[in-house]
Amino acid sequence: MSAAFLFALVGVGLFSLGLYALIVHAHLLRKILAINVMGSGVFLVLVALAKRTGESQPDAVPHALVITGIVVAVSATALALTLMLKLTAETGRAELPEDQGK
Amino acid sequence: MEALTLLHWTFDILLGLGLLWLGWRVLTSPDLFNAIVLFVAFGLLMALAWVRLDAPDIALAEAAIGAGLTGALLLAAFAKLRTVEKNHDIAGQLEKGKLENRSFQWWPATFLLVVAAGLGHTVLSLPHYATGLSAEVSANLKSSGVSNPVTAVLLNFRGYDTLLEMVVLLLALLGVWSISGSALPREAAPGPILDTLSRLLTPVLILVAAYLLWVGAHAPGGAFQAGAVLGAAGVLLLLSGWRLSSHLAGLPLRIILVAGPVAFVAMAVFTMLTGGQFLEYPRAEAGTLILFLETAATLSIGTTLAALFLGERPKNKREYP
Amino acid sequence: MGALLSEISWGVVLILLPLAGGIACFLFPRAAKVLGLVSVFAVLLSVSGLGWNIKVNGIYRHAIGGWNAPLGIDLYADGLSLLMLAATALVGFGISVYSADYFEREDAARFWPIWLLLLAALNALFLSADVFNLYVTLELMGLAAVALAALAGGRDALGGAMRYLLASLLGSLAYLFGVALLYHGFGSMDIAMLAVRVEASPAVWAALGLMSVGLLLKTALFPLHFWLPPAHASAPAPVSALLSALVVKGSFYILLRLWLEIFGPLGGGVDTLFGLLGTGAILWGSLQALRQTRLKLLVAYSTVAQIGYFFISFPLAASAGVTAWSAAAYLVLSHALAKAAMFLATGNVLRFGGHDRIADLDRVVQRLPLTACAFALAGVSIMGLPPSGGFVGKWLLLQAALTQDRWDLVSVIILGGVLAAGYVFKVIGHAFTLADISHESREVPAKMEWAALLLAFGAILLGFLASPVLSLVGIGVPFGVSEVSP
Amino acid sequence: MQILYLALALFLLVNLGAGMWRVLRGPTAADRMLAGQLFGTTAVAVLLLLAQTTGNVALRDVALVFALLAAVTAVAFVRRAWTEERTNNES
């Protein structure tokens, strides 16, 4: 066990917590928060395990990937929030409408 | 030495537990506003975790984007949500957010415990030492034009990802503008405190952005971090009631928004016309070219993030929409 | 001429061209339509360029930045990639011609830049040889698709888009987790390198699980299809066509590529599961389609059913690899053409009558003969009747099933065809008759009718092109065996 | 010296828990937000201490960005969420 695996496990935990919240909660803002927490979990796994080089300098490639990932996450969050607001303005509820035709 | 190791471990374990606990509270806090504040705090702890994992580049990005801009986005969305709900005369939504949390659901919880256990087992089964691509990175760092390995990966070895990523930002903005229509009327003027604060803070933010951009070549920093800080400056200006004047809100704004991807595309065409591969910079000028790309990218990223925060397309009378 | 053609790196052109086109549309919204059409046409030409490239030189590989994998990212194209690129360009061009008349001033300024960036994302996806780069293209594709799905505005479209966005983000995150495990387990993100390095281990199994679930969610395989009908049915017609014909195939292509190169050789019963889910999709999707009263939802559920067929190939590939995979490729191609035609025809009906209630279709056959013809021809391919692309695909699938005595799958394939005939004829039947409510008719531009019809013709034409298309797909041996028998 | 810095950082990390308590308790949104701000300030201190123990001066840049962005979030709160709340309470 090392710090790498410790934080990687925390990442797994965050991923699972986020997934649970995404399934259980109906409010869209909560779902968006849940996606963000899940994302942080995945990023943590990616970066934590990059520390296993056995030297002081970790593997830089996952670091770059995660920076890409963070920017993707904020873009997606902005789009999701806008959709949520517009949908709420339309329906009066910050939740997904009932399935149509299902 | 023994005590130091112990302290390191205690710090890491506390931080890890804190992250899990905060993550849990973010997702289960009865009050939505509370959840957002907790999410910002969660972002701060994440940034500490990046520091502990020797990833200062990510810590910078997280501090600026994860905790800062996402927090501002969420707060603004929360406020708008309340206005929308008030207009709809349905006060129940935010209340409803409170109620739903009481119900703990067993099936998903059990399922996810199994998933977590499986993934945890998988992670632990990975080899304890793995160099990944660190050897390749350090072997080629000299010819990459920069000495910060993360910048080398982002702008050179995997520069193509970065190009696509800037398109992701642009697409998000296109989506937001397409969905939300044109801008709200100008906001009320800020009070004297905010006015002074924004006057003081904006130049500092811009200066820090420029510093991060420049330092990224050899130390943690770079286009994304600089862009995020620049975006924060834009957010601050927007919050103090400032809006882009309408004759700049059309084509000039759009040109800045696409400057980053356009610089990359131009670079790609240039490198291929001069006989190289797609985005293969001439070795001697790699450093300069990367700085050029990063400057364009910083401008675009900062402007796009600020525009995403505003949410609506700035008004411009001469053009539609 | 030939020298010039093979000199240019067409793969890079295929990515940069729509990207630059999209940016230009964004910068100059008044010219968006012209810029868009020109870019899409140029993409169509560039695909032929790449095809020439591949035919002459074999597999296309381009080391971006001059670094080779694993440090850099490689572009890669073989026959399978070429097929997907060609389908995208062809269908995309048809839909673009249609969209030129469909979207008016303001909507055009919103539609074109997003569509061109989506095209760039799709091309980048089909050309990628790097699992993380694929993640970025997935996100690009997802965000663009969601933005397009929300174009119509209103409760249904926004709700559908929101659900789509959440499903899409969840899928991408699961996929990214898989990428993390593969990279940390085997030290590379290049698919070919991973293919050499992977060995049965918890990391591979977890990656297989996470990436499969993520991609199945994005591909909308039953029972993870819940987001598809609302999103596809409430979008503007050309967008529905893009989503059903192309976007869903993007994630399927990644799954197929990963399976062929990395996960398939490990075996392990997952293919059986895919087969079962595919069976479920065919039956459930077809039955739902039969039940629908609105034309657009019917077509959307038909997509759910047809996706099932792609997955029938997985359990059959174990001993009839080439035939089964060729069948999947053929089905993907013909479904892209036929389903685009169907959605466009539906769009014409909607514009003409202002509604798409199947029971109230008022003599569409007489009043919109080209559109009705397009729908019927596309229906022929969806049902799998000869002579059509759908027929060739299903015939190959049947062959693969018969050689292995998989009578269960044989009956599913045939039953799916019968059910498809049921829902197609339900529509056609109502299109002939006089409805109780005769509707206000609005003129449909000729280009919109012809675009639908030509795409449907394409789906039929594929039935005659089996051997050249299949020999094209075989370039670079994507399915592991060199000879491809139609 | 290193031990001292690290111990101090650890102490501040524990302190964050106290701030957390206020975020959770409230009672008003402003209380929560202020506690969140305190969180940011403490994190800055932790970062500076870590910069000292590890000798990684880049962490000071991180601390700087932290401090600046915390101010921006605070402004976002005051200009967006808080004014809304005030009008809510008045009505």
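Order of writing sets the labels: A, B, C and D. Residues in every chain begin at 1.
As a convention for this text, a residue touches a chain if its C-beta (ideal position, glycine included) is under 8 Å from a C-beta of that chain, and two chains touch if they have at least 3 such contacts.
Being a predicted model, the structure only gives us computed values, none of them experimental.
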Which of A-B and B-C has more C-beta contact pairs: A-B
Inter-centroid spacing, chain C versus chain B (mean Cα positions, whole Å): 31
Separation of chain A from chain B, taking each centre as the mean of its C-alpha atoms, in whole Å: 13
Centroid spacing, where centroids are CA-atom means, of chain C and chain D in whole angstrom: 48
Approximate Å spacing (C-alpha centroids) for the pair chain A, chain D: 22
Junction residues of chain D, two or more chains touched: none
Shared-contact residues (touching 2 or more other chains) in chain B: 8, 52, 69, 78, 119, 123, 126-127, 130-133, 137, 157-158, 161, 165, 168, 171-172, 175, 179
Where chain C touches two or more other chains at once, by residue number: 132, 136, 139, 143, 146-147, 150, 153, 158, 177, 181, 183-184
Chain contact topology (line, ring, star, complete or other): other
Chain B-facing residues of chain A, complex: 2-10, 12-21, 23-27, 29-30, 33-34, 36-37, 40-41, 43-45, 47-68, 70-79, 81-86, 88-89, 92-94
Chain A residues touching chain C - in the complex, by the definition given at the top: 15, 19, 22, 28, 31, 35, 38-39, 42, 45-46, 49-50, 52, 61-62, 65, 68-69, 72, 75-76, 79-80, 83-84, 86-87, 90-91, 96-97, 99-102
Partner chain A, residues of chain C touching it in the complex: 132, 136, 139, 143, 146-147, 150, 153-156, 158-159, 161-163, 165-166, 169-170, 173, 176-177, 180-181, 183-184, 226, 229-230, 233-234, 288, 292, 294, 297, 301
Residues on chain B engaged by chain A in the complex (per definition of touch): 8, 12-13, 16, 19-20, 23-24, 26-28, 32, 35-36, 39, 42, 46, 49-50, 52-55, 57-58, 61-62, 65-66, 69-70, 73-74, 77-78, 80-81, 84-85, 87-88, 90, 93, 96-97, 100-101, 103, 105, 108-109, 112-113, 115-116, 119-120, 123-124, 126-134, 137-138, 149-150, 152-154, 157-158, 161-162, 165, 168-169, 171-173, 175-176, 179-180, 222, 224, 301, 305, 308-309, 311
Footprint of chain C on chain B - complex, ascending: 118-119, 121-123, 125-127, 130-133, 136-137, 140, 156-161, 164-165, 167-168, 170-172, 174-175, 177-179, 251, 254-255, 257-258, 261-262, 265, 268-269, 272, 276-281, 319-321
